[in-house]
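Right after this note come the structures.
In the two assemblies presented below, chain A is common to both, partnered first by chain B and then by chain C.
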Partner chain A sequence: MDQIIKIQQLSASYDGKPALKNITAEIPENRITAIIGPSGCGKSTLLRAINGLLWQEAGAAVSGSVLLCGTDTKTISPEELRRRIGLVFQTPSPFPFSIYKNLTYGPLYFGHPTKAQLQARAEEVLKATGLYEEVKNDMKKSALKLSGGQQQRLCIARALTVDPQVLLLDEPCSALDVKNTQIIEELLLQMKKDRTVVIVTHNIAQAQRIADKVLFLYEGSLLEEGSAEELFACPRHEKTKEFLSGRIG
Partner chain B sequence: MKKAFDRAFTVLIAALTAVSAAALAFVIFFIVKEALPLFETVSLKDFLLGQRWMPIAYTGSVSFGIANFIAGTLYVSFAAMVLALFFSLGCAVYLSCVATDRQRSLLYPVIDLLAGIPSVVYGFIGIVVLLKLMMKLGVRTGSCVLAAAIVLAIMLLPYLISGCSESMLKMKNRYMPASDAMGISQWHAMAEIVIPAAWKNILLTMVLAVGRAMGETMAVMMVMGNANLFPRLLGKGETIAAVIALEMGTAEYGSDHYHALYAASMVLMLLLFVINIAISLLRKRLLEKEV
Partner chain C sequence: MKTKDKLIRLWAYGSMAAVLAIIAFLFLYVFARGYKTVSWEFLTKAPAGAVLGMEGGIFPAIMGSLAFTLTAVVIGGIPAVAAAVFVVFYCKSKVVGTVIKMIIECIAGIPSIVLGLFSYSLFVRDLQWGRCILSASMALGIMVLPFIEVRAEKAFRELPPSMIASSYALGCSRFYTVSRIVLPACRGELVSGIILGACYAMGATAPMIFTGAVAFAKVPTGLLQPAMALPLHLYLLIAQGATSLDTAFGTAFVMMALILISNILATLYARRRSSQWTRS
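Showing the complex of A and B:
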């Protein structure tokens, strides 16, 4: 099993207050890795580090490095890096365009696709996210008019339009109902055939359902990591046990 | 106790609102009442479309046509808005997307300060600086519509800049993180997302600015030449507000001249009324869209 992303001695702090403490970890290719931990432990910060956003934040002091396929991400241009590593936020963030234009925004920026290619790409990602049947007749409708769950799936679809190798998702289901959550989980399981998925989740059951590997963060440190079966069956660290049993969170 | 206080407060607020509404109603009533007698001697058509404004019969007959003043008001207001718009869009893009929080917190008070300068000061600077420049450019006395439009444009800048940059900043904060996470350059996102999303609010700010410009009197009067001519960029012109301000003091009470000035006020008021209706319609459409 290849490790597509390697995080090496990564530390970050805001105004001297550490958010990530010397994290070293690996993300396996074409697997789902879940990052869990109590809120404020640095999960979102770690995701932002992986696609390079953290380095350009004004208030953040960062050290250490992240390697993508063996190349230090600092040497990859932000555009290239983020085309290869997509990120979906916790709150759905569609652009104020039509559904279709949301899906052509990325491809048009990164290349010169023909109209037919754009159309095909849009349909493909809509089908992948289970939105196609719901919106195929009003692709010109404003994306802001979709329901929350549809918006979030559109955001995943939008991230997929530029064909990233890695997709990062920051608590993508925290505001969604059971049905939409289920659709997204199935989608992620489908996706790992040809993509790497890293999902931050507050929902332990969700991590158990879909993750292959789990990273447990606690107060900025990586306390424990391992395959999902192992970590959930017999957590080694006291804090992990407490978190999994719901005593901290 | 608290309840009684609440009730007293409600009554007080209602009373104050009623007083302001009554004051406004009175002003409108008064203007209309003083304006109407004019139309016993002059037809509405001649008044609105006539180009001759001869309030006193020195030579020949009197005549009350305010077409040129209406045109002057509209011309100078829109010219000022167009001049100011490009500049303020540029400033707004800088303020919302380039400036750091610290620079913003320094620049906004300065912009607000500009809005607080009395208009006579702008007019004075217009006379001292702009009219000289215009004379060099070959405009006889320097006074012209262009000079007035420039002065007015400068006066509109603070409103346009803060209005445009606020709506752009709002849109940037809302949509830029997602675009950033896709690796798309800031300028591309600015042009493709932020400005189009802020566009309706920018339009609203523009209409508001035109409204302000139409009522502006002093600074415009000081540099526009105040001749009853159809406005041309380098020619003289006169606005409705200027006619009223210049002649009200000398018009004999109850004369046709006096009534004509009130009728002109009524026209100006109607123009502003139309602008306000446009604003509320626009705002309503905006709100509908946002939900």
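Showing the complex of A and C:
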């Protein structure tokens, strides 16, 4: 099992207040890695570190490095890095255009695809996210008219249009109902055949259902990491036990 | 407590009714006194008569006003939208942002006659453009710049941050994000802001009296010609006294109708755009 991302001694602070403390971790290729921990522990910050956004934030002081396939991400151009590492946010945030235009936005930026290629790409990602049957007849409809769950799946589809190696998701299901959550979990499980998935989740059961590897963050530190079975079955750290039993968080 | 509540309510409703009544009265008064004068001829003929404007129409003034306004909106609107884009999406330094904000607020505070003086000395005299549409529109453009900038900036800031972040997260540049998402998404607000700015420019007299508007001219065919303008024409008609008062009200009627229609169109456009894209 190859490690596609290596995080090395990563620390970050906002105005002197540490948000990430000396984190070293690895993310396996073509697996689902879940990042769990109480809110405010630095999960979103860690995701932003992985796709390079953190280095560009005005108030953030960052040290350490993140390697993507062995290359320090600081030496990759920000655009290239973000194309290779997609990010989906907590609140569904489709662009205020048609469904189709949401899906051609990225590809048109990165090249000069033909109409047929654009259409094929859009259909492919819609199928991958299980949206195709639901929207195939009104691709010209405003994406904002979709339901919340459909919007979130469209955002995942949109992230896939530029063919990232890694897909980061920041609590993608926290605004969704059980049914949509289930659909998204299934599509993530499908997706790990040819992509690496990193999901931040507040939902321990969700991490248990889909994750291969789990990172537990607590107050900016990586307290525990391990395979999902191990970590959930016998957490080593006292704080992990408390978090898993629902006493903190 | 209850009577106090009632009094406040009465006061609020009373004030609202008074304001509405005053506005309605003003419009009705101008329309009632002006509508007899307004005819096809009035709208399409040049002013005439022993005392100019007593007879004939206001066609060159309408066209002149449109020329001043359009030029001003282009001159002021482009830097206004650009400044708003810069402040919201490009500017990383708080200091620079604050300075820009201060400058824009200062411009908004400049009395329009001072803008006229500035434009007169710089463009009309020093640069020797002469009194022309372009000179006057420079002053008008500076006047509407903060007006449009504030509205554009507000529209940009109201976009959901995660939408913009999603575009960056795809790897797209700021320029692509602004031109492909921000500007199209805010098109309604931008267009309506620009139309409202145009109404503001159309009603202003002070910036153009030394710089480009004249008592009589033909319909302009270029930006380096002087032209008539509705507000100045109206001013001159009133200044001439009782003999021109009917045409003065006619002119006021046309001006107010133009501004009212533009305002309604701007509002409708913004509303239609937003209802098109928001949920349900």
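The working rule: the second predicted complex is superposed on the first by the 249 of 249 C-alpha atoms of A that agree within 3 Å, B and C clash if a C-alpha of one lies under 4 Å from a C-alpha of the other, contacts with A are read in each partner's own complex, and residues count from 1 in each chain.
Quick note on the criterion: contacts are C-beta pairs under 8 Å (C-beta built on N, C-alpha and C of every residue); 3 or more make two chains touch, one makes a residue touch a chain.
If you're wondering where the values come from, they're calculated on a predicted model, not measured in any experiment.
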Looking at the superposed three-chain arrangement on chain A, would you call chain B and chain C a clash or a fit? clash
Look at A:Glu186 in the shared chain and tell me whether it touches chain B only, chain C only, both, or neither; answer first, second, both or neither. neither
Would you check which partner chain A:Asp72 touches, where first means chain B only, second means chain C only, and both and neither mean what they say? neither
Regarding the shared-chain residue A:Asp194, is it in contact with chain B (first), chain C (second), both, or neither? neither
Is A:Asn51 touching anything from chain B or chain C once the two structures are fitted on A? First, second, both or neither. both
Tell me the contact category for A:Asp138 with respect to chain B and chain C: first, second, both or neither. neither
Superposition-derived comparison: chain B or chain C, residues of chain A touched: C
Using the touch definition from the top, say if A:Tyr105 reaches chain B (first), chain C (second), both or neither. both
Can you pull the chain A residues that chain B and chain C both touch? 51, 53, 58, 78-83, 86-87, 89, 93-97, 105-106, 109, 155, 158-159, 162
Over in the complex, which chain B residues touch chain A? Could you list them? 100, 171, 174-175, 177-185, 188, 192-193, 196-197
Seen from chain C, its contact residues with chain A in the complex are 92, 160, 162-163, 165-173, 176, 180-181, 184-185, 276-280
Quick check: in the complex, which residue numbers of chain A touch chain C? 51, 53, 58, 78-83, 86-91, 93-97, 105-106, 109-110, 142, 144-145, 155, 158-159, 161-162
Residues of chain A defined as touching chain B within the complex: 51, 53, 58, 78-83, 86-87, 89, 93-97, 105-106, 109, 155, 158-159, 162
